[in-house]
Amino acid sequence: MTLDLEAIYIDLHRNPELSFQETRTAGVIAAHLTALGIEHETGIGKTGIAAVIRNGDGPVVWLRADMDALPVKEETGLDYASTARGIDPEGTDVPVMHACGHDMHVTAMLGALEQLQATTDKWSGTIVAVFQPAEEYGSGAQAMIADDVLTRFPKPTIVLGQHLAPLPAGTIGVRSGAQMAASDGLHVVLHGRGGHGSRPDTTIDPVVMAAATVMRLQTIVSRETDPREMAVVTVGSMHAGLKNNIIPATATIDISLRYPNDTARQGVMNKVEHIIKAEALASGATEEPTIEILHTLPPTINDLEATDRLIFAWETAFGEDAVLDPGMFTGSEDVSWLATEAGVPLVYWFWGGVEPEAFAAAMAAGTAEADIPSNHSPFFAPILHPTIERGVDALVIAAREFLN
Amino acid sequence: MTLDLEAIYIDLHRNPELSFQETRTAGVIAAHLTALGIEHETGIGKTGIAAVIRNGDGPVVWLRADMDALPVKEETGLDYASTARGIDPEGTDVPVMHACGHDMHVTAMLGALEQLQATTDKWSGTIVAVFQPAEEYGSGAQAMIADDVLTRFPKPTIVLGQHLAPLPAGTIGVRSGAQMAASDGLHVVLHGRGGHGSRPDTTIDPVVMAAATVMRLQTIVSRETDPREMAVVTVGSMHAGLKNNIIPATATIDISLRYPNDTARQGVMNKVEHIIKAEALASGATEEPTIEILHTLPPTINDLEATDRLIFAWETAFGEDAVLDPGMFTGSEDVSWLATEAGVPLVYWFWGGVEPEAFAAAMAAGTAEADIPSNHSPFFAPILHPTIERGVDALVIAAREFLN
Amino acid sequence: MTLDLEAIYIDLHRNPELSFQETRTAGVIAAHLTALGIEHETGIGKTGIAAVIRNGDGPVVWLRADMDALPVKEETGLDYASTARGIDPEGTDVPVMHACGHDMHVTAMLGALEQLQATTDKWSGTIVAVFQPAEEYGSGAQAMIADDVLTRFPKPTIVLGQHLAPLPAGTIGVRSGAQMAASDGLHVVLHGRGGHGSRPDTTIDPVVMAAATVMRLQTIVSRETDPREMAVVTVGSMHAGLKNNIIPATATIDISLRYPNDTARQGVMNKVEHIIKAEALASGATEEPTIEILHTLPPTINDLEATDRLIFAWETAFGEDAVLDPGMFTGSEDVSWLATEAGVPLVYWFWGGVEPEAFAAAMAAGTAEADIPSNHSPFFAPILHPTIERGVDALVIAAREFLN
Amino acid sequence: MTLDLEAIYIDLHRNPELSFQETRTAGVIAAHLTALGIEHETGIGKTGIAAVIRNGDGPVVWLRADMDALPVKEETGLDYASTARGIDPEGTDVPVMHACGHDMHVTAMLGALEQLQATTDKWSGTIVAVFQPAEEYGSGAQAMIADDVLTRFPKPTIVLGQHLAPLPAGTIGVRSGAQMAASDGLHVVLHGRGGHGSRPDTTIDPVVMAAATVMRLQTIVSRETDPREMAVVTVGSMHAGLKNNIIPATATIDISLRYPNDTARQGVMNKVEHIIKAEALASGATEEPTIEILHTLPPTINDLEATDRLIFAWETAFGEDAVLDPGMFTGSEDVSWLATEAGVPLVYWFWGGVEPEAFAAAMAAGTAEADIPSNHSPFFAPILHPTIERGVDALVIAAREFLN
C-alpha cells in the first residue's frame, strides 16, 4: 500500500469543512488520486470530484463517498479532535466537526481505489468514484447531476455507497428494500411584531409563537400518525431575539421530517404546514409564516437482487456474523438521486466503527443510547482499526462483485 | 445657541453603539463639552463622562443621560436611519439602532448644559451631568459608581433624569412614587443531549425542553400573580441548534422579569427557577439548567415632594395640559442606583416624541399599539421638533428648580 | 331580639341549595319575615323574595342579599358542615356548600330587618329587602328584574349590598369607584372525532385540542394584556371522555373571564374566541368550536358620594381602624343590575369573617394565601361572632344613613 | 338451523351492557344454550359463562367470545341503534353502545356452537366456549381465571378467539406472532388547590396542570420512542371542575398505553410517571399525583404453527383472497391470559364487517379513516351479512381443525 490511510483519516478529521465548502478536502483527495495515477475531474457540483478507472469491457460501477462535515463542536477529547470553525450559509461563525464519519468515507474510498487500481486482473469494466459535496444539505448529489456528472462520465450500471454507523467495528449492516427514510428539511420564519420586553401587549411575541408551534408539532407523530408507521418531526434549530428585554419581530425554526414513503410525506407535510399557520393565527399574527423547503431526500431503497449478491459475497469474505440486518434507518441520504436519475439499481450499506466489546457491554447494560455516540453527536468517534480496513474491503469486494 | 442640536441628534442616530462600546458617542460629547468650555472627565465606568458646572454655593443637582443603543435593525425608512452594525457580547455581528431614544437624551442634555452654562445668573450651586453607558445592560450606572463617580465629583443633593416615550411631543409624563418597575435579566442554559435529527429517542431534545419551558413560564403571570399586581415574564431570546437535522445538546433562553417591588421579585424569581428545573426534569435532563442573573434593576421611585415641585414648575412653563400622569411604566432603569447609593431623592420623567395629531388619531381609532412604535421597536422614530426643544427645556427648568 | 341568628346561620349552612333551587332557603326566609310581621312576596325571578318596611315619607333604600350555594364539597370539618348534594344544570349529582357566605348574607339581612322594624323612630322612608337567587350564575338579579321587581315594589333611590370576605372579623372593606370586576362565563364545546384509543391517527383528539387551548389561553393574560391592567382567564372546568381507551368526540371547557371595564372585555373576548378557533384548526377539526356566553356581569362601581357618607358613618360607629380600603376585587357580582337598571347609585361593601389574630398571624408569616381560605374554597368557614353582629350593624347603619 | 342469528344480533345490539354488568346478555346466552341442550355454567367471574360440548377423546379447544359494550352514544342512525344507558364505575349515567362488535362475537359463537353440536361426526374431543365479561376493562379474563374457570372445565390444549374489525366483510385477517399490542390503563389524580376563579394566585390550578401534562405526554411518542417502534400514549379522559368560576382542587386523567412488548412497556411507564410528577412540580403542587394502574393487558401473540394451520384451512374454505395479513394491531386484548395461564398456544384473528364495495371505494379514494368507522366509533356498524355467517364458519372451521 502506498497510501497511509490512518494519516489521511486523521488529517481529514482535523480539517472538516461545511457543505459546498470542501475545498481543502477536495484538494487532498485530488492530490492522492494524482499520486495514484487515477484519472479525475474536480469542481463538479461546486466542490465534487469524479475519478475513473477503466479496465476493459464490462459494467460500470459507481462508488460514492460524501465529503462534508457538520456545524458541531467536537467533544470527543481525541488527540486529533477538530477545533475548526466555518461560516454557515447565514454568515454565522460556527464550530465544525466530522460528526457523521464522511472523513472515514473518503478515507475508505481512497484505499479502495488504490486496491482496485492495483488488482485490475481481478475485474473488468469501469469504476467511477464520486466524491460528493454537501450530503448534509441533501443537495450535493443533485448539484453534481446538474453539473452533468451522469453524462460526462460512463453511465452507471449500478450505484454503490456506504456509511459509517454505530455498529460494532468489523460488521456490515445492510437490508434489501427500504434502507433509509425519505426526508425534507424546512426553514420556517414566524412573523410577529417586536417591542419592549416590558410591554408584551404591544407586540406579537414570536418566541411564544415558536414555543407553541414546537409543542403542537409533537402531535403529528403522537396523534396523527399510525402508531405502526415511522414518522419523525424534529425541530433541530430555533432562533429568536438578541436580548432578554427586547421582544423580537420574528423567530425561525428549522424542521427535519422523515417518512417511509411519498404518501406519508404528503400527509406529514400538510400537517406541519397546517399547524404552523394555525399557531400563528392563535398568536394573532398579521403575516403568515414563511415556509421554505430546503431539501427533499428520496427514500433509500436497496435493490433486492443486488443486495442479496453482496450479502453473500461479504459473508463469504468476513464470516456470516459480520453481516447483519440493521433494520430500516430513520436517517436519510441523497445518494439515491444518482441511481434513480440514471435508472439503475442502488445498494447502500452501513459499516461499524464502535469498539466491539464496548458495544456489547453497552447493549448488555441497556445503555447503548447513552454510551454509544450516534452520528451527529459531538462525541462521535469511530475507532481507527479495523474500521478503516473493513470500509476499504467492503467497497473492493462490492465493486468486484459487479465487475466479474 | 452655539450647538446645532438637530445635527447632533442626526449624527448620533446614524452612529449608534452597543452598551459599553459608546466610544464614538463619548468622543462627540466630549468635543462639544470642550467647545462649550465645560469641565469634564471621560472613561468613567469604561465609556462614561461626567461634566461639572460650578456656580457658587448651593445644592448639587445631578442630571443623567444614557448613551447606548440596541441590537435592533432599524426599519423606520428615515433618511438618517441607522445601517450600523456591532459585535454583541457573544461575539455575534448584529445590527445596531437607537431604538430607545438615548441619542435624544444625549442631545437634550447637551442643549440643556449650554443653556445652564449661559444663564448662571438664574441659578446657584453645582450641576453634574452624567453621560452614562450601558443602560440597556442595566449595569452602566453601577459601573460608574464602581469607578467612584459619586466621590470624584460633588455629591448630589438630588438626581434628575428623563427618558423619551411614546407620548405626544410637547408633553411631560411623570408621577410621584413608583414610576418604573424593578427588573432582572436572566440567562438560562438548558442541558439536553444532542444527536441525529432522525433518532430523537437517543437524545434529550433541548428544543422541546425550551418550548415547554416557555409555555409554562406564561403561567406565572396568568395563574400565579394577583391579577391586580404587575408582573412581566418575557422570554426575549431563545436559541438552539444550527441545522434542521441535528438535535443540539443545549438551548438558551434569556428572560426579562418585571415587578413593582422586592417582595414580588422574590416570588416571581422562585417560580421562574422552579418551572425551569421542573421542565428539565420532565424532559429527563440529567443535568440541571444553569440560571445566571445578568442584571438586577431596582424600582424607580420618584420622590414625592420633589416631583410635586417639578410638576408645578413645568405646568407653569408649558401649560397644565402639557404635564400628565403616564401611570407606572413596566420598563426599568438603572438611574436609581445613583440616587439610592448617594441616599438622595430622585425624579425621573418621560417626555413625548410622537407627532401629536398622529397620536390623537391613533388613540381615537384604538390603534395606538399598532400605529405608535414603542421604545425598542425597529420603527421607533421621534419627530425632531418640538421634541428636542422640550427635552432641553424640561431639564433646564428642573435643574433650576432645585438650584434657587 | 326575637331571631336566633346563630341558629339561622347554622341551619342555612347545613342546607345549602344550588342557584335557582333555593326553595328551602326561601321558605325559611319567608317564615321568619312572616314571624316578624314584615310584608313580602316570594317566587320573584323563580325563587327570589322582596320584603318591604314602609315608614312614612322619605327615600327608598334597597338592601340586597343573595341566597345560593356552590357545587363544592365542604372540607371545613365543622360540626355543622354541609353534606348536602344537588343536581346541577347538566343533570349531574354534585356536592353543595355555602362556600361563598351567602348563608351569612341572608342571616345578617334578617337580623337587620328585625332591628330596622324595631326602630322606626330612628328613620323614615321605605326599605325594600331583596333576597336574590342565583348570584353564582350571574343571572339572579336579571331574573328578578325580568319578573318586574323594580316596578312591583317602590323604586329605589339607592341600592346597598354586602358580601362576606376573607378580611378580619369586625372590619368593613369598601372603596369608592371600581369595587369589583366585570365578568363573563363561557361554555365551549370543542368538536373532534372519536375512535379507539390505540388508533389516534383515525381520530381528531379533543383531549389534546383542549389541553393546547388551555395552554394558549394563558397567553392572553401573560402576553396580550397591559401588565398594569387586571385581566383573568380561568378555565374552571374541563371535561372529555369516559374511558382511557376511547378517544371521545368532544371536549368541553368552561371559562371565567374578568376585566375592569367594557373596553378590556371586548379585547379579551376577541382573543379568547380567536385562540379557541385557531387551536381547533391546529388540531385539524372539521367543525368549529361552539362558544356560548353563559352570563355577563357588569363591573361593580361604588357611587363616590354615597360611599364617602357610609365610610364616615361606619368609622363613627365602629372606629376608624374597622373600615379599610380592600382594593378592587377581581371577583364579580350581579348586584349592579338592580342599580343600573333603576338608574340610581350603588354601594357594595365587604365585611370580614376571619378570626383577627389568625388573620394577623398569617399576614405576618406571609402565609395568607395558604392559611386564609378564600371564597369558593372548600375550607371557607367564617367565625360566627362578631361576624353575624357586624353584618347586621353594617346594614342597619347604612340603611339609616340614607333614610334620615 | 334453529337459531335466528340475525334476530339475536339485533337484540343484543339494542341492549348493550357495560363491563361486569352483562346480566341480560348472559341471560340471553344461557337461554339459547339451554334451548340447544348445551351444558353450561353461569356467573363465572361475576357475569361470565362457560359452555361445554363433549364428543369423545381428543384435544380440548377453548373458544372465547366477549360480551360487554362501551360508554359510547350510538350515532349510526340504524333502525336497531342503541338508546341504552348505564351507570359507570364512578356512578355516572352514560350512554351505552356495542361499538366494538362484541354483540357480533356472541352471535357468531352461538351459531358456531349450534353447528358444532349438530356435526359431532366431523370432530372428536371437547369444546369449551367461554363468554367473557369486561374485556373493555381488561379484567374479565382474569376474573374468570380467578373464579377457577381453568380448573372447573377441561383444560385447553389451545385457545381460539376472534374479533370483528374494519376489514371487508367476508375476509379473515390474521398473522403469526405479534397480533396485538400490550397495554396498560392508568387513572391519575392531579392534586392542586381550589379557590375562586378570579384569584388564581391563591390556588394551584389543576386544570392548567392537566393541560400541561397532556401536552408533555405527547413527547413520549414523538421524542422518546424509536420512530420504528410502536407506542401509543392516549389520554382518553380528562375531568376537572364543576363551574367556570371555581378553580377545582383536583383533575383526573385516564391514560391508555400501548407497546409491542414488556421492555417497551417499562420504558414508557417510567416516562409517563416521570412527566406526570415533573409537571405537578412545575405547577408548584404540594402533593404528588396519584397514579393507579387500572389494568395490564399482555401482548397477543399468535402461535406460529397453529396459525399456519388455520390460514391453510380458511384459504381452502373461503379462497385465498379471503385471508389476509392485517399487520399488527395497536389495540389490546385480555384473551391471552387464558392461554398463557394454561400454558397453551393461542390463535386470535379478525374478521371483517364492512361492505366490500364501500371498503374498496374508501381505500381507492384514500378516505378510509373518515369513511370506515373503526371500533369504538359511535358510527361502528357492521353489515349483517355475510358478517354473521363468516364469523360462524371461521369458528367452526378453526375448532374442527384442532379436533381431528
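Letters are used for the chains, namely A, B, C and D, taken in the order the chains are written, and counting of residues starts over at 1 for each.
Going forward, contacts are C-beta pairs under 8 Å (C-beta built on N, C-alpha and C of every residue); 3 or more make two chains touch, one makes a residue touch a chain.
Per UniProt, the chains are A, B, C, D = Amidohydrolase.
The model shown is predicted, which means the values in this text are computed figures rather than measured ones.
**Q** I need the pair from B-C, A-C or B-D whose contacts repeat those of A-D. Over half of the residue-number contact pairs should coincide.
**A** Duplicate interface of A-D: B-C.
**Q** Per the definition at the top, count C-beta pairs in contact and tell me whether C-D or B-C has more.
**A** Between C-D and B-C, the larger count of C-beta pairs in contact belongs to C-D.
**Q** Take the average of all CA coordinates in chain B, do the same for chain D, and state the distance between these two points in whole angstrom.
**A** Computed value for the inter-centroid distance: 64 Å.
**Q** Report, in whole Å, the distance between the mean C-alpha point of chain C and the mean C-alpha point of chain D.
**A** It comes to 47 Å between the two C-alpha centres.
**Q** So how far apart, in whole Å, are chain B and chain C when each is placed at the average of its C-alpha atoms?
**A** Once rounded, the distance between the two centres reads 44 Å.
**Q** Can you list the chain A residues in contact with two or more other chains?
**A** 198-201, 205, 208, 212, 215, 218-219, 222-223, 227, 232, 258, 330
**Q** How about chain D: which of its residues touch chain C in the complex?
**A** 70-72, 88, 91-94, 136, 181, 183, 185-187, 194-202, 205, 207-208, 210-215, 218, 232, 234-249, 251, 254-256, 258, 294, 329-332, 369, 374-378
**Q** Spell out the part of chain D that touches chain B in their complex, as residue ranges.
**A** Against chain B, chain D makes touches at 198-201, 203, 205, 208, 212, 215-216, 219, 222-227, 271, 274-275, 277-279, 281-284.
**Q** Quick one: in the complex, what on chain C touches chain B?
**A** Touch residues, chain C against chain B: 215, 218-223, 227-228, 230-233, 258, 327-328, 330.
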